[in-house]
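Below you'll find a set of structures to go through.
In what follows, subunit A forms one complex with subunit B and a second complex with subunit C.
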Partner chain A sequence: MRPFEYFRPSSLKEASELLVRYGDGGHLLNGGTDLIVRMRDGLTLPSAVIDLKGIEQLSRIREDEESVYIGATVNLNQVGRHETIGKSFPYLAEAALSVGSKQVRNRATCIGNLCNASPLADTATPLMALDAVLEVFGPEGEREIPIRDFFVFVRKTSLKPGEIVKGVRVTKTAGQGVFTKLARRKEVDLSMVCMTLLKAEDGWRLSYGAVAPTPVRLPKTEALLNQGAALEEVLSCAVSEVKPIDDVRASREYRLEMVKVMLKRGLEQIEKGGAVS
Partner chain B sequence: MKFVGKSIKRVDGVKKVTGSLKYVDDMKMPRMLYVAVKRSPHPHAKILSIDPSEALRLKGVKDVITGEFYTKRGGLYLEDKNFLAVGKARYRGEAVAAVAAESEDIAQAAVELIKVEYEVLPAVTNAVEAMAPNAPLVHPDLGDYKVAPVFFPEPGTNISNHYKLRKGDVEKGFAEADFVFENKFYVPHVQHVPIETHTAVAQMDADGYLTVWASCQSPYAVRQALSAAFDIPLNKLRVMSPAVGGGFGSKAGTTLEGIIIPLAMRSNGRPVKLTYSREDEFENAYVRQGLHATIKTGVRKDGKIVAVQNEFIWDGGAYTEYGVNIVKAAGYASAGPYDIDNVHTDSYCVYTNHPVGGPYRGFGMSEIHFGIEQNLDIVAEQIGISPVEIRRINGLKPGGRTGTGELVEVCGLMECLDNVIRDIELDKEEPASGPNKRRGKAIACGWKAPSMPNNAASSAVIKLNEDGTAHLLVSAQDIGQGSDTVMTQIAAEVLSISPEKITVRTGDTDHTPYEWQTVASRITYSAGRAVYEAAQDAKAQLFELAQIKLGVYKRDLEMRDGFIVSQIYPDRKVAISELALGLTFEDGSGVHGPIIGRGSFIPPNIRNADKKTGLGDHPVAFWTYGAQGVDLEVDVETGHIKVLKVASCFDVGQVVNPQMLEGQLEGAILQGMGTALFEELMLKDGKILNKSFVDYKIPTSDDMPELVVSFVENPEESGPYGARGVAEPAMVPTAPAIANAVYKAVGIRLSTMPLTPEKVLAAMKAKGQTK
Partner chain C sequence: MSKLTVSFILNGEEVEHETLPNRTLLKMLREDFDMTGAKEGCGAGECGACTVIMNGQAVNACLVLAPEAEGSIIETIEGLSDGTHLDPLQQAFIDNAALQCGYCTPGMIMTAKALLDENPTPTYEEIKEGISGNLCRCTGYKKIVQAIQSVADQNRVGHGND
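This part shows the complex of A and B:
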């Protein structure tokens, strides 16, 4: 591992300034479950590691009548076990608890899972379905990024230099949702495909992970669902809206097939009144 | 019996669960140097030059070595390897140079500064292709290599061992058969993934005395191999294995020890350490060899198999010093636990530019049984009998003959089969858990013999202390299987003292007595028998003294709860503690001195098989037979397999510790499940695509099915209290039983492991089985 400077700022301003100062060499440390592994493998060689865990305000889950807000340093077990999240967004809780192992989830954060911008980020699909909003602090002040605009490509987000995601906000949405993850093994595995299907008051919402360079929403399929189109049509449309690749975990063909199976099963589950919010 | 057959708590349990046991990687010594290894990026390449000058200039770097420092070849059965590549690299990841430095980080940085020039050679990455006449040769000098006389390399080819078994007349058998079937199977490379990776420390004193601390299964075999490789006499070479965090075969031979020893020789007495990363473990320790198997079966209408012809082509990787023996073991076991008059087997060990194949739990048996046991189900169905019937008709029974023509005297295979049929409720059809699920139950059998030299020896020493306690010294290594506890129980039983009064010490070639290797499921049997003999020897010495002391003839004495007691006059007794240092008379004088029991053992009368035919009347110490049944469910839309229940039964001769044995069997089933469902080294042009736990999956506790483990006890005459080995056989039937159950569930037959959801689904689609 190459030597690097370690900082533990106590404010966002300080953290952002450090990021600007170190440019491409500056990396934010949250749970470290991605960064440390990449550093060990020599894939990321930071000149400065800026630890966000010293910033008190980022460590909380807050809620009001309309929304829930997950701070940047809240870990995945905290998200998965949070009472309101469990009640209002059970599929988000399930997604959070499907990442890694319990030990990993004690370190890994939801925001880290998003900022890592992996195509198969498990917490991204429920948040995409919920039209979550990322609250961002930066040198130019604060701004909000709708999650749909956040992911740009594999490991690329729309964050500008010096910007730090403070947290993610989701509006309480009445409806029924399902998160499913298909992996080789039941526990501690990456998704071959993951999906969130949400039947909200204003219509269907559908998102997938591991089938495109970023987690994706499937607007055409959602429209067909809203129109009450036939299942076969819906499933073919879903397949047409994703572009999976072959890798060591699964082939493109298998992923496409699973996109259909998971959607079909999700619809059945919602019909049966499975996971409710 | 008081202690044998009882679930005594593990003697190493507290240290392991509290984390206080010190493993080799925990060792920190003053002035220690750390090693990093420069590895070949090519699967096959001539090394043109190595320039370490820039690495040597880095502050903190003490030394850089290459294969040129020690060019002598070594190896267990076939001397085909160097610890550091000499002349060319034969697999991707092979060590070409090593750095010793003040810290691991410096050593790693220095490795990057070593410049190596290669001339890339054509690589051969498929064992079948490697057998073609025009294939690139991995070892052009094979004809010059030293080899043990029971192996048969074919110089000028990539075949490092061609084992032949010729029993009866297979052509005549096929002519007599009503049906002849041929099936092909493929088993990919897998890795052992012990929780503790390979690690070693070496230090050489000023007078040339070398000490090696290694996480290894076989300190004596390692000592012998290193002595031969580096020309160090055995009295100047000490190998210690203080603790082993899992081996499964991967720590049976020598791997990284040979990389650090040359550095230790040149470091002026400083200890030198190397610990493998998980990635190293996948690429640079041992892997299980791949297997291409073809099985041709001739069978009569009544279900009797009259002829079997096997071709096993093993992907041995770049070096097969150990692998040649796996190929031999697979050859002589190739008929499976079945009584077949005509058997013709060719088992080939083939060099490829793949990671080095080596011993892995089962030693070839899991691989061949994946084919043998699926083949039996296929044949049974074709001729219209059940999988159980074909096994009952052909399965070995006392009085039968094995594939090598050996008369079977003790064999509980049919009892094992009955038990698993009962425990899995094979004939009871049970509903699947949902509309997209299909359920299936099936069975598979298996057998294994210890694959070891005929004269593989064990020894034990037991020293009695003056308070009636004892020290038991063996070099059988507790690699998690529980041998420390089993050895203690056997000694306790003979001496009739409680196990808490015995301290077992292992793994130090200077201070614990000879043990060939902790492999081959032979420790309870062979080391256990040596412990039995040592305790009997101590007992005999105690009886000599007690008969003087008590005035009772020794034939009338027995050991009872720490005393030597007259069987006729129970009040005449003397405590072990009173005799431990010898017998003292009333005038204060003494005789005999301290009691030290000595036990040595070689399995009796194992003889080489005939070189031409492979036939032999007693080529192995014993066979362990068993069967397993699997109940599972297949998701017909995703192809996922969920194993619901596994029943297992083996004939172990005598259970020494029921709780530990159950644990060992459960672990074996999980390991078998791992290979059946998940595990595969994904190799592409010699490169491993999944050399970490991110993409190489093994089962977790959540994958654990319901397990029903039972045992049959037909005693093994030469084993201690009748015990025989079961550690490896225990996982052999699991994978084929799963494959057979998948067939029962959804009617598809997968000829390759692992049975991934994707393969299952594709096969179902091909058969038109999906909705």
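This part shows the complex of A and C:
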């Protein structure tokens, strides 16, 4: 690993100032399960690593009557096993527990999963379907970014220099949801395609991962579902709204087919009431 | 790059140690403390050969930076026996011949330890799921699951439940 300075600030202000001071060389560390591998492989070469785990306020899941808030350093097992998340958003809990191994999930964070901006981030599709909001701290103060505006491209987010995601907030929504992850093996694998389908009070919501440069919502398909369109029409619309590529895990053609299969099965599952509300 | 002092509890002993930041907890344990039980297999969180217990949770020591150990409680395979008596899990791995080359064993046992600490009486399925982050290329898992199962069975009798 190339040399770097390690910092463990105790406040967001301090962390943000360090980020600004080191510019492109500054890198935030949450769980580290992605960053450390990238540093070892020489893909990310920070001159400063800024560990957020010293900032106490980021380490909690908070909830009130309307929403649940996941802090930046909360790990994926904590998300997956949280009582309210399990009850209100079981598909989010399932997505969190589908990442890596138990050891990885004891370190990896939900916010880290989002900030990597991988097209196949498993926790991104449930949070997209839930219209989650990222709470951000930066040199110019605090702001909120709707998750739909957060992912810009592969490994690129709409964060500005010095900005830090404090956490992600989801509004409690009545409805049924399904998370599906298609991978070559059951554990410790990356998604070939992942999907969240949610039947909320105000209509259908559908999002996919690993079928475009960022996780995506499928608004046209959602509209067809809301109109009660025929299944065939819905499925071909879904395929028209994604742009998968060929890569080591799956071909474009296979992914397109799976987009249909996963949606069809998701609809069946929700119809049967198999998915929890 | 400046050296940092890291204070943590390693197998029950308080340690204060100077290290460069650009190395993993695994490297520090192996090279500075001569605790070579945890192994580097993949170095990327896929194989689990480097598993240690950090603050009660199984983690991949290859995915933790040395300075991140600050203030934590670390348990490794070296701390399991008291020097005379093996931990029931270690004994069970021997009794069930749950190893061949032994490379995955320390990580496998530490994962199993964290699992049993959390749930002393896991089912067969829970054990299989619990060790899914640990790869073994020799034995084929059956004996490993059996070994862990035998300790879970002892716990079940001990607890007088089920």
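The rule is simple: the second predicted complex is superposed on the first by the 277 of 277 C-alpha atoms of A that agree within 3 Å, B and C clash if a C-alpha of one lies under 4 Å from a C-alpha of the other, contacts with A are read in each partner's own complex, and residues count from 1 in each chain.
The working rule: a residue touches a chain if its C-beta (ideal position, glycine included) is under 8 Å from a C-beta of that chain, and two chains touch if they have at least 3 such contacts.
In this text, all values refer to a predicted model and were calculated from it rather than measured experimentally.
Asks: Which of the two partners, first being subunit B and second being subunit C, lies in contact with A:G32: first, second, both, or neither?
Replies: The answer is second: A:G32 touches subunit C but not subunit B.
Asks: Under the stated touch criterion, which partner chain does A:V20 make contact with: subunit B (first), subunit C (second), both, or neither?
Replies: A:V20: touches no partner chain.
Asks: A:A223 contacts which: subunit B (first), subunit C (second), both, neither?
Replies: neither
Asks: In the superposed model, does subunit B or subunit C contact more residues of subunit A?
Replies: C
Asks: In the superposed arrangement, which partner chain does A:I61 touch: subunit B (first), subunit C (second), both, or neither?
Replies: In the superposed model, A:I61 contacts neither subunit B nor subunit C.
Asks: Where does A:K53 make contact in the superposed view: on subunit B (first), on subunit C (second), on both, or on neither?
Replies: Only subunit C; A:K53 stays clear of subunit B.
Asks: Considering only touches as defined above, state whether A:A200 meets subunit B (first), subunit C (second), both or neither.
Replies: neither
Asks: What is the contact status of A:L231 with respect to subunit B (first) and subunit C (second): first, second, both, or neither?
Replies: neither
Asks: Does the superposition put A:R184 against subunit B (first), subunit C (second), both, or neither?
Replies: Touch status of A:R184: first partner only.
Asks: Does any part of subunit A touch subunit B in one structure and subunit C in the other, and if so which residues?
Replies: 1, 186-188
Asks: Quick one: which bits of subunit A touch subunit C in the complex? Just the residue numbers, please.
Replies: Listed in rising order, the residues of subunit A that touch subunit C are 1-6, 8, 29, 31-33, 36-37, 39-40, 49, 51, 53, 77, 100-104, 106-107, 186-188.
Asks: Quick check: in the complex, which residue numbers of subunit B touch subunit A?
Replies: 105, 637-638, 678, 682, 689-690, 694-695, 697, 699-700, 702-703, 756-758, 761-762
Asks: Spell out the residues on subunit A that touch subunit B in their complex, using ranges where they run on.
Replies: Against subunit B, subunit A makes touches at 1, 182, 184-190, 248-251, 254, 257-258, 261, 264-265.
Asks: For the complex, which residues does subunit C have touching subunit A?
Replies: Interface residues on the subunit C side: 1-2, 4, 20-24, 43-46, 48, 51, 54, 57-60, 62-65, 67-68, 70, 111, 129-130, 132-134.
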